[in-house]
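Accompanying notes for the structure given below.
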């Protein structure tokens, strides 16, 4: 058997984003060899680096395995080849060797041009439509769709760990901990919210019902009212709790203002659902003057889109809830389009769902009291997330205080 | 203002189930008074107790508040009055003062007979159909349905804490802890499974994908193959992971047998989904000889029903997944009908969903490595649950070992 | 064999403190029988209840087992017998049948008088000295000490769950949860601190190093400065971190104000320890003008006692740390004497230690981000504790804000 | 101001241990510049790499800051200078600029030879005694001791991530997770134990009382009996629980075999302590034939050293417990000397203590049901640890099963 070699290259923040480490690691793990043909390390923090390697495998197949593996770190052959396309044999069936996407910015070489893939999401295939390429979920594949197979002609831009001091994402990287200075982190998140809005960015909140239980609903409502939020993604529970709180003062029958139990408070949850069904929807409830405060009131008033995705555990659910998950995913994606920052609060389900839909360059802040939840979310591929292990009921009011001071 | 009094009574395991404590507590919390007119305490463990009280409030309204409150502990007036019915004003809208159900066995006084309510579930209303009464979710209410309002003529049987030594539910009550003798608990769960089946009972498993990650899929498959399981409730993730494991040996690209990473293993997840879409469904995959082991293979082979409920975070999802939550809830309920025991493994979402659908006399075992998850589930009203904080990958094989020894 | 019976009685908050339930439960669990001879239930919240029972066992030994068991709920024979005493056979050895104490108020019948035991603590024996009785740890037993054996003549006052609305301990009982309204809980704790001080009570803080990491050191320092705190119990780590923070601005080398890393910051921890050794002690450091802020600065300035108990994991430890645990326990007890309220913050080790030393009528507040930690502490017998699952770095500043508003 | 430059070099597993990444990162974070003068990357997994850099700072002081920082990654000047020594001004006081050690292997240049430092531990200073250099804790410093200051002439060997497939430490690196195949991990740990012993290595167990609560004491006892363990480090609680279990069958009064409560079981804990005090010590109890099984029985029988370190929360403590922490730390270190592998089970306190005493090349396995505990331990600098989030009561018996199969 004869050894096979190939010249490959990659550029970007190779050092601080640990890309070089991963590339060397993967080659050696596969039993391959490499020679560094060229290495330019960016001197300044924001400078890009470049490396050209000669990778050698035991034979053609072995070499292929190695280059497959490092492909996902952004490494491509020096001699570029165009993508290969194959037709979907049936509706909802991809060709066997379909290229499975990452959540990283992806470029494809087609007609001698590098074209950026649109709707970047994880674990999808890439379909050509006209001159554009799109990430498409399996259920939307139509028979005959032209789908990229193999990874030839595909270039991934692995996430670059940013380093400029102005934003919170740098000082902690992807780690999460409950042993960080809370005040400072709240301040940084506040700064980041303000700066993102100043720069014309779009901020989406993904939230769970603990926001209401812990008394932080008014903080979220205030963020929306003040114009910082461009969309709310949640499930049935957040909406029911928020409206129960806004209309009856309780969350599952417990008064949020003093934690006492309401008389026949166990009925409040179902009463709230019934109240929304009576008028027909949350926006109608606002129009009818029956909902006058809270997260969803502010959404309706400010005309901020919200999407409530159903789940198997829902009571009701409210008429506004989308019970079909295929449709709900589409509506989530619409709201997330071009988001600059997503703040995920106390909901593993909707946070993971949202994380799967986001390209890796969107800033993500995850706030939850449970460290394993924060860790799990980041392990699921949303590793650009900033994990904050804190008590939502204390942390969100702190953000509001800082925002007020900064204005 | 004149004081108002009423004679009320309740019977059952008043002492060990702490019902008496709660009744006295609630009367005093509302500022009421009471006199014990009669008290018979069961001497033997299984004997029932009985108490008759004269409850006194400051006025009629106050007395009503008190009796409302103790009603949920099973206390009813000595002089019985029949239920009151009112019509649903619209589809999916209940009358204002609708009776909101608990998950406890409920009886209603109608035409001078006490009638047991069917399909007992939490947070529903009660509708009369012919001579039967049913718990009905709000989305299934039709205009004109006769719905019980108020709580007059309704009697609740609060859950009785069983005490005979043969089953595991007694030795721990509802508490959960990671500091219990694991071997012993596994043995008790094994005994309970065997006894439940001997008694002709129905056992349902509710499971999450950690079953596969931790290497416990073969244990669950063996339980099904051996005839202990009568239904599996899950989501898309468990099915995809189980089939990936059965066909490719990996879970999200990691070999379960030795935790090594498969070549291009990141594709395995999507490849599995594509493989099912190709043949059309999980049962078809079994018939085509392409799925030969695992949880869902055994379900198909043994003709055990399984329901996969979609969620907003699904990849794919598989063709077998029900994406509309309203339908998925109905299918879950069908499988849960007349269940004697439900084993919930590493999935908060589906466990809470299932808990909400179960009457309080069904045995529930919750196994999860996270204590807060176990606590949260029990706080949500499924308080008859036995919480086991353990590592699913080590605990399930232990159950299998004990079952084999016992046979 | 002839059945044996005995008349027993107990009074107190039998219903709301669930004492009656536990007594009935224990008799039945042991296979005994009982007849209710008298039962008076207090009508008002603060009224005491009384019950007289005739307990019957299969024989004298069986009856003894039963009465032993209910003894710990405060039940005593109607016909009172005096205590029995026996001598310690050696230093540090108790007589075989020594009475092992609970943390509940305990009374002993001696010379026809009921005498209250002093220094009430859990898991100790009771020694008579003159006319007084003391809880004494095993290491302090001297040969010949007169020690109570058996449980005859000993009466326990099981903890009474208080119910008046003015203090936080009622609204939550002993449960802990991260899903409570944080703002409200912080306000209640603030009220309780103020009221305890107004009533002349003594408040002790037990704290761990996360106070400094999370940026809450200034909040604790402010509580001390404002005169709310009467003692601080901690270990080496809190002191080193607090002084590192006060002198260098960092906690383990990370600036608390902005979470950036100090130059050669890894040295700051050891540098701080060296700095204290140089002057000789924390108080000398304050006198020398080298420590000018922080928790321990305020303690020295206000002349508030603090005790630092060593542990096997200490770096250094500081000269102020008591490295012998037998001595450290004594010093902790001195500070805890007559405490009305103990606030435990982010330290399982010192919190459990302190919990073991406290009689059950002392108010305990436990604040930690980890629910299992809070649960574990309460399971260890300190069940009167109020558990708060929150982020110390956000929660303590919230308490300070509420205290300022209230003044 | 004139720029200053220095040639520096480092060798080792620069790529896979991410040393190169950290070095580049640190230089750039400090605003420095660098040029790669030489870079040789090891091709095979075990090959070492080498890099020579020209580092440039704005001025001499800036350059010093940069080289200080990268020093801890093992980088040293190409032109070697000898160490500088300074005298301790007082007992227990180090010179101001003392060199603060890491837990990594450290070499010092003295009399033109590179000498390896002995007793390598974290956060100590280095003292010369004759021709040897020792890590010395602050409390052992004597006035006049010659202590290394600055970091000139000191070379650190940062921990090298091993990569050969035979041991478990590779497949997971330092990460911990509850979502790994438990069976496989148990098998790997079993293999590692066997191989370590075959290679003549020394294995130490560090354990907490949950070992007994969860029913795993017999597994640990069997490991000791079979000759796999060379030392046990624990506190009072593990010993008391183990002896209570061995003599009375209970752990805190609960029978471990069936989780039932013993009669007067609350006395068992103190009874056990009293029983040991009666005979005088654990070894005497074994000799007297009163302790016949369990962890500490096996230690005594096999003449395996055990050290029990006291803590502020101890009951008793047992006569075998060392109550002075300064002494206890010394005894721990004696047992840990030349250990090859340390297995830490369910005890944060003793695990962190032990972690602080270990050089970074010792294999560490941490088993705990709480992910935050595992994470915290690794964050504390013991980052070479393999974290296993599992249920000790199920995981340890699994290890025993695998060891039996392998023999």
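Details
Each chain carries a letter (A, B, C and D) given by its place in the written order, and its residues are counted from 1.
In this text, a contact is a pair of C-beta atoms (placed from the backbone, for glycine too) under 8 Å apart; a residue touches a chain by one contact, two chains touch by 3 or more.
In this text, all values refer to a predicted model and were calculated from it rather than measured experimentally.
By the document's definition of touch, common neighbours of chain B and chain D comprise A, C. Look at the contact of chain A with chain C and you find the same residues on each copy: over half of the numbers used there are shared. The distance from the centre of chain C to the centre of chain D, with each centre set as the mean of the Cα atoms, comes to 33 Å.
Look at where the CA atoms of chain A average out and do the same for chain C: the two points lie 45 Å apart. Note on chain placement: the centre of chain A and the centre of chain D lie 38 Å apart, centres being C-alpha means. Those residues of chain C in touch with two or more other chains are numbered 178-179, 370, 372. Only residues 171-172, 178-186, 188, 210, 213-216, 251, 254, 256-260, 369-370, 389-395, 397-398 of chain B touch chain D when the two sit together in their complex.
Considering their complex, residues 15-16, 18, 20-21, 24-25, 28-29, 33-34, 36, 39, 41, 43-45, 163, 177-179, 371-372, 375-376, 379 of chain B touch chain C. Those residues of chain A lying in contact with chain B across their complex are 65, 68-69, 72, 90, 92-94, 96, 98, 100, 102, 123, 125, 137-139, 235, 263-264, 266-267, 269-271, 273-274, 277-278, 309-317, 319, 323-326, 328-329, 332, 348-350, 352-353, 356, 370, 372.
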